[in-house]
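Letters A, B, C, D, E and F mark the chains as written, and numbering starts fresh at 1 in each.
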Amino acid sequence: MAKKLFDYQLDETVDGYFLLKDSEVRIAKNGKKFLAINFQDTSGEISAKFWDASDQDVDHFQAGRVVHLHGKRENYQGNPQIKIQQMRLTHAGEPQDVQQFVEHAPLNSDTMQEAINQYVFAITEPNWNRIVRRLLTKYHDDFFNYPAAKKNHHAFAGGLAYHTLSILKLAQAVSEQYPHVNRALLYAGAILHDMGKTIEMSGPVSTTYTLAGNLVGHIVLIDEQIVEACQQLKIDEQSESVLLLRHMILAHHGLLEYGSPVRPHIMEAEILHDLDELDASIQMMQTSIGHAEPGTYTERIFAMDGRNFYRPLHDATKGDQPEQGD
Amino acid sequence: MAKKLFDYQLDETVDGYFLLKDSEVRIAKNGKKFLAINFQDTSGEISAKFWDASDQDVDHFQAGRVVHLHGKRENYQGNPQIKIQQMRLTHAGEPQDVQQFVEHAPLNSDTMQEAINQYVFAITEPNWNRIVRRLLTKYHDDFFNYPAAKKNHHAFAGGLAYHTLSILKLAQAVSEQYPHVNRALLYAGAILHDMGKTIEMSGPVSTTYTLAGNLVGHIVLIDEQIVEACQQLKIDEQSESVLLLRHMILAHHGLLEYGSPVRPHIMEAEILHDLDELDASIQMMQTSIGHAEPGTYTERIFAMDGRNFYRPLHDATKGDQPEQGD
Amino acid sequence: MAKKLFDYQLDETVDGYFLLKDSEVRIAKNGKKFLAINFQDTSGEISAKFWDASDQDVDHFQAGRVVHLHGKRENYQGNPQIKIQQMRLTHAGEPQDVQQFVEHAPLNSDTMQEAINQYVFAITEPNWNRIVRRLLTKYHDDFFNYPAAKKNHHAFAGGLAYHTLSILKLAQAVSEQYPHVNRALLYAGAILHDMGKTIEMSGPVSTTYTLAGNLVGHIVLIDEQIVEACQQLKIDEQSESVLLLRHMILAHHGLLEYGSPVRPHIMEAEILHDLDELDASIQMMQTSIGHAEPGTYTERIFAMDGRNFYRPLHDATKGDQPEQGD
Amino acid sequence: MAKKLFDYQLDETVDGYFLLKDSEVRIAKNGKKFLAINFQDTSGEISAKFWDASDQDVDHFQAGRVVHLHGKRENYQGNPQIKIQQMRLTHAGEPQDVQQFVEHAPLNSDTMQEAINQYVFAITEPNWNRIVRRLLTKYHDDFFNYPAAKKNHHAFAGGLAYHTLSILKLAQAVSEQYPHVNRALLYAGAILHDMGKTIEMSGPVSTTYTLAGNLVGHIVLIDEQIVEACQQLKIDEQSESVLLLRHMILAHHGLLEYGSPVRPHIMEAEILHDLDELDASIQMMQTSIGHAEPGTYTERIFAMDGRNFYRPLHDATKGDQPEQGD
Amino acid sequence: MAKKLFDYQLDETVDGYFLLKDSEVRIAKNGKKFLAINFQDTSGEISAKFWDASDQDVDHFQAGRVVHLHGKRENYQGNPQIKIQQMRLTHAGEPQDVQQFVEHAPLNSDTMQEAINQYVFAITEPNWNRIVRRLLTKYHDDFFNYPAAKKNHHAFAGGLAYHTLSILKLAQAVSEQYPHVNRALLYAGAILHDMGKTIEMSGPVSTTYTLAGNLVGHIVLIDEQIVEACQQLKIDEQSESVLLLRHMILAHHGLLEYGSPVRPHIMEAEILHDLDELDASIQMMQTSIGHAEPGTYTERIFAMDGRNFYRPLHDATKGDQPEQGD
Amino acid sequence: MAKKLFDYQLDETVDGYFLLKDSEVRIAKNGKKFLAINFQDTSGEISAKFWDASDQDVDHFQAGRVVHLHGKRENYQGNPQIKIQQMRLTHAGEPQDVQQFVEHAPLNSDTMQEAINQYVFAITEPNWNRIVRRLLTKYHDDFFNYPAAKKNHHAFAGGLAYHTLSILKLAQAVSEQYPHVNRALLYAGAILHDMGKTIEMSGPVSTTYTLAGNLVGHIVLIDEQIVEACQQLKIDEQSESVLLLRHMILAHHGLLEYGSPVRPHIMEAEILHDLDELDASIQMMQTSIGHAEPGTYTERIFAMDGRNFYRPLHDATKGDQPEQGD
């Protein structure tokens, strides 16, 4: 089977098919054009420069195209990069399906859908249950295809649903350990908390922010949908149960500085915020550590205050656990 | 004409009718009950203690009642207070109408309504005009009766509309000076920016926060009403003009730390935020300075970083201007 | 069965045996002595004042004594308090055992010990296992008797072990969900992370900070014990495995501002910090909510940025869950 | 009439006369010299690189020279830039007057002077009036020629006076709306508040900070001039009126962090600070929005917390207002 | 010899003459007046309450009077206080001279003056020397009588000069250790740095802030005097040497947040700031530790971030050093 | 005698022997390799680029080698740099000893050792004396060879001991001026405070952080050594004297944010922190000012909040002092 991008060692010759995730025309110090490229396959993405780009090159090598690459895996200031020796568009019969090169959530869409449905069953309060079902239906396709963020954590296709499911599992563990936690409320809040990102962001590929995303933001965008759902389902939007659910979403960033218009003032909202951060942190650390060699440090992770993390030398210390980064 | 609360000098005998704005039962160090009272009339409010309160006293002297007071104006740690010598409920034929004792906006409701209507005419963009009219109609009575805040600035009946009108006048001056400012947008945003307070707060008297106020907050509460208005008026809620208007309201606290889920990203939203703060600051400073003697400092104003302000000694420096504090 | 402190309703007559948790002599405004008291039983603690205390009263009613109280449950500025009508030391034959009045962890010492041992078995790395066993043995009695903190969260006898066990359960759920997490390291760190509190604090009753606690602090105090354990167990204290374990403890406050000399730079240290905060938060919220009436807010919780939390009106929304506060 | 720099569209050929606002010799990655240039005319400034500069080029193309340019308008990372194809110094008969290429305030010096004089008349307090007149006379030429800042807001010739006049107009509107404001004090403070910049900065072109500017700063530099003026005019510098005026200037940055040695403690000082910020913000937003296409965002504005601003798509929403950016 | 205030032990009977440093009329919970008093002698000050004060008592026991006190040394929440049993004004023949009861600097005025003069001789730059001499002469009496602050550090008569001298000694040590330090500049800056406090504060007793102090502040007030001195001495106020000296004073608070309009940008200004803080800290710590028993903690020191300090148990560890607190 | 790096003027031809302090392979925009070099001799270090590096060049010109350089002293954005014209490794008979090119402390190792020993004699408390002696012996060689930091202050061979000695001298001056300071404790703390850097850093050349340095940090690393020393010397590690000494080291960064697990709570710890910062600041300022021309500003010093410092024009103002920067 073909080697993946991150299978190549330093100084090894790279030869294979990759997606041009980004390809931006820039002007070099010598006045000529070059392309700032990110190659992508399912193992991740690595940057490269295509020097002295002709007008035809600029036209051919656009983001979203699949290419055949001949080059070398190098290092630049501690980060991997590719030195391009030869590059061409793929011919008929060669790989051209973008979906094969995009990172996906570790679980497929159907599996995640089924798992999340189990949590919907456990939402025993009828208003919450009906609101969640309606919005899950309304945003179904995007919800299971979008990333959870443009970059940082869960920035892959299906990442939004995967992140949601991951939080639901943690929420279940917490609910079982602390019996006073209202699990129906916690599950309902978890499922809806980031659903507004399907309105905030343009889509799973070449993600940008929409005007509504910039001027209103995903928190208020989904809050508005809950209100609409109440009107359509004839649920009193001023009832305590609806206010509690809206509060779960509005408060889930935890701090005003992070864009929540109110801080958590019910226990389940505080817990949702904590689990959201916990899952995002673990996902970011796991991804970075998977790309670092044992005995070295990861790149600095911007969204974790720029900290880097040490990957221990002896995985043996972990006993019979699976290999890191597989 | 009867003296007002703030007409009495230090150590002067107080004799008149006043409203019990607050009256809270507490237990003194000697184990007996007393009432922590705020007397109010249209000149402001002053605190007092009613010692050794019997059960009948507690029953009689509840917040919202009008009483006849015989006492003395004193000072406690720099703040005025009343020493109660005798206090009784008013009899038939004596003042009993709470409205006569409550502070009101300097302008009456009709005047403010007419003035604000002039600004509505100037909202030349049809979507904004229709949304503003509908919400002004829906919240009409509360909008012209509510205070702008529980305490701090414009904490009097009609304060919400008065504060709104004050911002509109500043907005007009700014629009005339800077022609690139979209005045229709600035006026529409100004009128709606604090209207959610009619949902957030319980009412103009003995104001508390509603559950919706605590869990959702006035910014999101009125945003939701704009969305509902769009649906009822068949206005596309994803159109640029609606997103701009919503952004005006969502961003008007200026900073995320102050509860706006987004920071201002259009010029008119930044201006609305600045004028909102400017009007609130001036109103707070004017009120405090009006209660201070020339050549002294005001109390510290909590909402202005705890600063106190100096009232200059020689008002003569102001030339032919009206007397401060009238 | 005798009523507990928190079973009494407002204005109800209180009659029973209670522990004097605190009893401090102060001087009243009238120049006489009084005692500022906290009554305690297993349901919690409530404050009271004992006025006009004679020298004999001061001598009798010292902290740690059990008394018979006749009084009334009142309210002072939203917080419960007791009005003392009569109070005397207990006679022979009446309750005198302090342990019966102290709050304890919900689980007894043996149960917690057994449960924690199961986690020790899962520490498959031999150095960590041996260090953990040695320190668990060395601090055994205090570890299972101390509170987790002087006030705030888990401030009851056995609170330290209970908090530790609670984190271990969360750690297990996380380890199962994220297979790259080194569970042996996470468990070892969790067990030791707060063990230094047995050196930092004076004991489970009338807790104060020791000089070592004030000048060195519990984080460094237990780190020093790990180093000593290595020497005694002939484990190389500069080995990677020991450095990782020490880092778990040193970094567990997450931020330098919170007293960690280093921030988390391995994944398991970040997770331990997050779970530590999560468990402390839930415990504080549960306790406060248990003391609030449905439809009201809790007291402000100092250690959670002074936020108060809303206890929803309709517990029915929680379906078949156990009653809050039981 | 000749096209201005900002009249050229992307990829259009540029052909015309421009001022070299900045021209800095740097060394390229290939070891050769190049010039980092900013072209300027009255429409703004755009950067460019002049590659492979000979010693003669370096000598010719110095900042402050006017050149004829043949090139192309391009884009680099979202910002406009010029690709230089040919460049030469202008000959006799071609434009060489720097003043024609420099940005100027929208009003000429005489107009601004007359307008400001009207405000001086309204300073009815004699001490303030005399001090303001003396310093306006002393710094007359520089005051009407300097920019208000090296970069950021009003960074053009005459910007200092223009910014001052703009604040005066806002001050007038505020004085009329809030009658307790001492307008004489507000006007006097507004006129003097930034006058120290004529000592702090080297001049209107190629502006740098003087040693006095760096070690003392414009706030204290003009305060010292007020004190000197008092001595020369035989005004008691310890009188209340002088202390009030000095406080206006000393406090006008609003916060200690922004370089004011005292925070505003009189109402007029707080208002001056607010209007200063309001005018600077609007000027910066207007300039940036004028350079952005409808439906896009401006560059990030450093002095406004790095925010960018959206220029709405449909200017039609603005009704009969003038075109943005004209 | 008569016992001093701090010589009395807990519960000991107090009998002696003391100054009423503060005496404020307040109203007790029972409605009667009482005096909130601070007794003072050269050992420090202790608070007390004088209950049920008659009008005559209020008239007699004013701040600044010397009284004979009969009472008891008690403790209130960890702080010493006096229970007044009998108090009367002193008769003829008894102590009445306020100066005998006020805390003074450890050195007398003449000694400090002579010592500071030695440092003036070492100011070898003629401009600085002349400016320093003139201002020392102008403010001579106040400079050697004022405290260095209203409260916090060196809050005793002569404290300003004592603090200045203390910094000069440290400055000398630093100058000798680091030969590139310009000692003339450092000495000149040290002598003038707080001299503005003689204008900012009302005087050595019952110190309040003047209007100039509040609106201008001691930093700018002395800067203005340097400028005046230059004019009178015909020194060019724009010369580098004068700018350097002014910068020393303007920057000596170190941070803008602490009221310096500029941060230190010359080495000697940074050093002056550091030594100023060091001397103030040591003085505050020494005073507090002198009032604490060995083996206990001091009160929290507000100006040192509210920290308290431990006084070690065994002074023996200090070898042959003088007794702490003598 | 040969010219030093910093003896060459702008545009002067450089010809001499220098150490390659750093030499890092990078890839140029044109795809070819180049070396990013720092040349070093005892006068400091200056950066350079070696373009178009062949594989042999990469092999030859490694960090730690001495080379002969022919080039030119240039400027790049205000910082000095070298343009390399010719470079070769040194031959036999030419300089090759790295030690001749490395910056050293101004005092040699023996002198510093003797000076520090004098302070050890003055540590009259026996426990502290024995602990200090043992650790001085244990880390002797590294202590006198390590820098005090990787960059910033005292980043030269012997810098750690030099910085320690400098603090000791300041500590002596403080002890003499403030007799209540426990000088034995202050000296002991000063000697040990940074000794953990010998474990935290890899060595005096090409300094990196060790794993123990990253995961534990120098403060805790030396604290652990004090504990070990106590065990070996049979000193009770819970005695007050040991806790005081440990607190000196643990608290010496002053603020938790700077990595101290506890803030200073004894007077000597606060003083040590202040002197540590003072010495580091002066050393950084002196070094930077020594590299700046009179009348200009230094580079911005990162570790001093990015401030730059002015070197006055007229050193004459310093009278008979030694030349700056010699």
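The rule is simple: contacts are C-beta pairs under 8 Å (C-beta built on N, C-alpha and C of every residue); 3 or more make two chains touch, one makes a residue touch a chain.
In this text the structure is predicted, and so the values were computed from the model without any measurement.
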| item | value |
| --- | --- |
| Fewest touching-chain hops separating subunit B from subunit F | 2 |
| Chain pair with more C-beta contacts, A-C versus A-B | A-C |
| Equivalent interface to B-C, taken from C-F, B-E or A-B so that over half of the residue contact pairs match | B-E |
| Copy pair subunit A, subunit F: interface residue numbering same or different (half cut) | different |
| CA centroid of subunit A to CA centroid of subunit D, Å | 44 |
| Distance from the mean Cα position of subunit F to that of subunit E, given in whole angstrom | 38 |
| Between subunit A and subunit E, centroid-to-centroid distance (C-alpha), Å | 60 |
| Multi-chain contact residues (two or more partners), subunit A | 29-30, 211, 214-215, 240, 244, 265-266, 310 |
| All chain pairs that touch each other | A-B, A-C, A-D, A-F, B-C, B-D, B-E, C-E, C-F, D-E, D-F, E-F |
| Residues of subunit E that touch subunit D when the two form their complex | 211-212, 214-217, 219-220, 223-224, 227-228, 231, 237-238, 240, 243-244, 246-247, 250, 256-262, 265-266 |
| Residue ranges of subunit F in contact with subunit A within the complex | 26-27, 29-31, 211, 214-215 |
| Parts of subunit C lying in touch with subunit B, wherever the complex brings them together | 28-30, 49, 51, 74, 76-77, 83, 310 |
| For the subunit C and subunit A complex, residues of the former touching the latter | 124-125, 166, 169-170, 173-174, 177-185, 240-241, 244, 263-267, 270-271, 274-275, 277-278, 281-282, 285-286, 289-290, 297, 304-305, 307-310, 312-314, 317-322, 324-325 |
